[in-house]
Amino acid sequence: MADTVAGEVSTDDLLAWVRAFARLVEENREALTELDAAIGDADHGANMHRGTTAALAAVDGAPPASPGALAKKVGMTLVSTVGGASGPLYGTFFLRVGTALGDAATATPAEVVAALRAGIEGVVARGRAEAGDKTMVDALTPAVAAAEEALAAGRSWTEALTAAAGAAAAGRDATTAMVARKGRASYLGERSAGHQDPGATSAALLLAAAAETLLGRGAAGST
Amino acid sequence: MADTVAGEVSTDDLLAWVRAFARLVEENREALTELDAAIGDADHGANMHRGTTAALAAVDGAPPASPGALAKKVGMTLVSTVGGASGPLYGTFFLRVGTALGDAATATPAEVVAALRAGIEGVVARGRAEAGDKTMVDALTPAVAAAEEALAAGRSWTEALTAAAGAAAAGRDATTAMVARKGRASYLGERSAGHQDPGATSAALLLAAAAETLLGRGAAGST
Amino acid sequence: MKKLINDPADVVPEALAGIEAAHPDLRVDHANRVVYRADLPRPGKVGLLSGGGSGHEPLHGGFVGLGMLDAAIAGEVFTSPVPDQVLAATKLADSGAGVLHVVKNYTGDVMNFDMAAELAAAESGARVVSVVTDDDVAVQDSTWTAGRRGVGVTVLLEKIAGAAAEQGRSLDEVADVARRVNAAGRSMGVALTSCTVPAVGHPTFELGEDEMELGVGIHGEPGRERVPLAPARDIAAMLVEPVLSDLPFGRGDRVLCFVNGLGGTPLIELYVFYNEVQRILGGAGVEVARSLVGPYITSLDMAGTSVTLLRVDDELLSLWDAPVRTPALRWGI
Amino acid sequence: MKKLINDPADVVPEALAGIEAAHPDLRVDHANRVVYRADLPRPGKVGLLSGGGSGHEPLHGGFVGLGMLDAAIAGEVFTSPVPDQVLAATKLADSGAGVLHVVKNYTGDVMNFDMAAELAAAESGARVVSVVTDDDVAVQDSTWTAGRRGVGVTVLLEKIAGAAAEQGRSLDEVADVARRVNAAGRSMGVALTSCTVPAVGHPTFELGEDEMELGVGIHGEPGRERVPLAPARDIAAMLVEPVLSDLPFGRGDRVLCFVNGLGGTPLIELYVFYNEVQRILGGAGVEVARSLVGPYITSLDMAGTSVTLLRVDDELLSLWDAPVRTPALRWGI
């Protein structure tokens, strides 16, 4: 185990996050595919499962030296294994998170949230989706905004991540009513309304995993 | 209507027979196909229906001049419209019946039975099936034998045809237990046992039609 | 029944109209339902013709053209054509050098083609020779029965005999090549689903979700036995081994390996299956000299496959490689 | 699920192994799942490459060969390949004259090919130009959405651009031809049944016995609307009219008419359907200069069809007619 400074997010914390995300994806694999079958092509569960399994394998056992390096490795692995729309998007997300985190051995909660913000910007730059387009962006954006707000209001890291996970879930739920304007679901036009977006659903899992794990360590000294 | 000698079989009698056969085939079309689906290729109903409809159309309205000519016309039409195994066989049957009947304006019951015998010989020459091979021969042969016996025993034309129809039905029923050695059902080997042969079934309809119609006229003066 | 058709009774004539419209090299005699080469007659060339029930497309109409068939007769779905049709096609295909009838061994086909050959001899004096294919090892062979069905070898035979005819060989020589192909080829098939005959409207047989019909015919005839659904590698063994041991094919034999789709099976599955077949052949020391993978002799919408192996020598190979220009097989031109 | 496969997870690599075994002219980079011409590199020739999710066979691997693609990348079933794969294929296809990426317009495909092009430029300096096909008129076109899907035109574009590349034209010229094809082509499809993704194991959507999905995509994406099952002639009108009015095609236009099978529909039905399509075109005064009928861009085992019309001029026609030698399209050689 790497040494960690109390209240800072370590490489192990990120690894725990990735592990939890992979587990949640595995548990929800069929559900993600069913959502994608309704308005897409029935592969989102398989895609995310292949990718998170590979990403975890790439960093488990011998984790990279820093949170930033780990995030980059995860991003590269996702790009190289997922394919489809979600591969470049989740891949870019983690690559940008990694770049933002740099080489530091640990990161403060504020640095982590800033890195997540950079990740979203990467997703938007690559996919050009706006809020309300019925994509993963509709879960990611409110989640990071909620974390930013919580930290700005001086709330704890635990509270910030819990707020983020809650906002992601709410954003995911909100996609049900939306008419898709990006991704495969956009081909359906009005018929896409009434179905929850698969990518927003996996994004909510990503935030749920964060709330479940990062806080375990980070919580200790952050308030 | 052509003039007829009492007790003799006229062109109209043969026409009535063909009409009744066509009607029975129409009524049993699906049943014939289902039998063929079990041990063949699911077309016997369609084949016989196409053929008997065409044959009736060819002789209805303007019937040929003699029973023999009518039978030949029916045979030629069956050959030209049925296809499959049953087309050449039923076609040959009627062609041989027609040849045996010759040009005479009417035929005696004995002449008709002799012509049916010639018809069977044609079927066997073409298809080389023996008794017990699970084919139409298993209905046709006992039927004609029964008619021959009845006439030889001095029984009426009505009785002879009723016996023939009964023997055809019994022959048809007997095919259920048989293992096919000719036709498409032979590909199944032992698995063909337990299914009634479609061609024997249509042949029993042919004899039922004969009993139902030929006797109407022929009965009058034959006993 | 979910089919892209109009009235089930019109499927055959409408499909022929589609073939004619799609392929400018071909003509159709609509009255007799014969697809034939637009460039007939070809004086001095032996006419090659085949036909049978419809529902096996591209067989036979899709194999009409230079280097293969001169004419193909379309019967009703799964029903052999009638003698009048065969006679009309024989006349079209006869350029004076005689006509070879390629007939699949089904009672109906054999009888109808025979009657047509008798009529042709009587009417026009055209010399007709018939070669009957009977390569399906799923069927017990016996002189007491109708014998074996003609299946996949028919495609290979039409190509190879077609090349021989195109070279200007005599009727007897072409017939001889055709008989050699039939003698050196064996096939067996499997169905994962039934087919649905348009005029019937429901599947010919019912197969459970976990069952398949081993040794099925190309008309939905039941096969050797109903067995549990299995992975492609096991199915490959179930088909290839009976085929290998029947001829028998042996170590060092060169073969043309034909993995056929029955109509409802997509190409991706055929390639997965072909991979298993060639692996087994490799293990048996049989060398695959040529291969053909695709739906060439189908059974309407049936899901399934068949494997045909043809033992080849240099001559058969060079005839196989010779140019062919038909809707379904084309190369070298 | 009744499929001729082994483990659903192995379908793509095993199908590639089958393709490689069946086609001696082709090679497969198994690590990157790239099918490529055995005779690469071809110095001075623009490399033409395409790829996408698997499940559309013969697209794209079956179109690799002389006169068409140099390499094809196979993603997972219905999932675009990853940049690493595209990059590997780009290197294989690059003979110094640059590489054209033919990309079907799906968010995933576009992003993964873009990333690969960025990597290729950075790594090897290979010049890459992308042409995106987006011909599916079932999808509303809009700059606010992902735009239209790339479907049938992709096949025609690969052939025609392939011929241009084979003639030695420059990358910009080949890209220009490709863009002209995309601009002049429109498509629409219909599904009579769903497809079943191997890894999922059950149909992607449920269709009633009397329903069909109009405007369906090639990945089982739902279409424009679910409508009652109809006769072929009505379905032809439902597909051809939106296609005609979109470009729009007009009286006197010459077209290449491509009636495609979606995988589970047999050829006899495609010909019945083609007959209806060409009848409608005749009525509209559109001249069918060339036609293509068969399963060329499929959706696994989906029953259904799509119609693609491409407006052609003499140049496009002569490129279409130029020799091609691939597993799925071959003529003139």
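Just so it is clear, A, B, C and D label the chains in written order, and each chain counts residues from 1 on its own.
Going forward, contacts are C-beta pairs under 8 Å (C-beta built on N, C-alpha and C of every residue); 3 or more make two chains touch, one makes a residue touch a chain.
These numbers were taken from a predicted model, which means no experiment stands behind them.
Graph distance from chain A to chain C, where chains that touch are one step apart, equals 2. Considering every other chain in turn, none proves to be in contact with both chain A and chain D.
Most remote from chain D, judged by the distance between CA-atom centroids, is B.
Averaged C-alpha coordinates put the centre of chain A at 78 Å from the centre of chain B. Chain centres here are Cα means. That of chain B falls 33 Å from that of chain C. With centres set at the average Cα position, the gap from chain B to chain D is 56 Å.
Chain centres here are Cα means. That of chain C falls 29 Å from that of chain D.
For chain C, residues touching at least two other chains: there are none. Contact of a single residue of chain A with at least two other chains is seen at no position. In terms of inter-chain touching, the protein chains here are arranged end to end in an open line.
Contact between chains, per the stated criterion, is found for A-D, B-C, C-D.
Those residues of chain B whose C-beta lies close enough to touch chain C in the complex are 33, 37-43, 46-47, 50, 79-89, 126-127, 180-184, 186-189, 191.
For chain D in complex with chain A, the residues that touch the partner chain are 53, 75-84, 106-108, 111-112, 114-115, 136, 138-140, 144-146, 149, 197, 199-200, 204-205, 217, 219-222, 225.
Touching chain D in their complex are the following residues of chain C: 2-7, 11, 14-19, 21-22, 54-55, 57-58, 62, 192-193, 209, 212, 229, 231-233, 235, 259, 263-276, 278, 288, 291, 293, 295, 298, 300-301, 303-305, 325, 327, 330-333.
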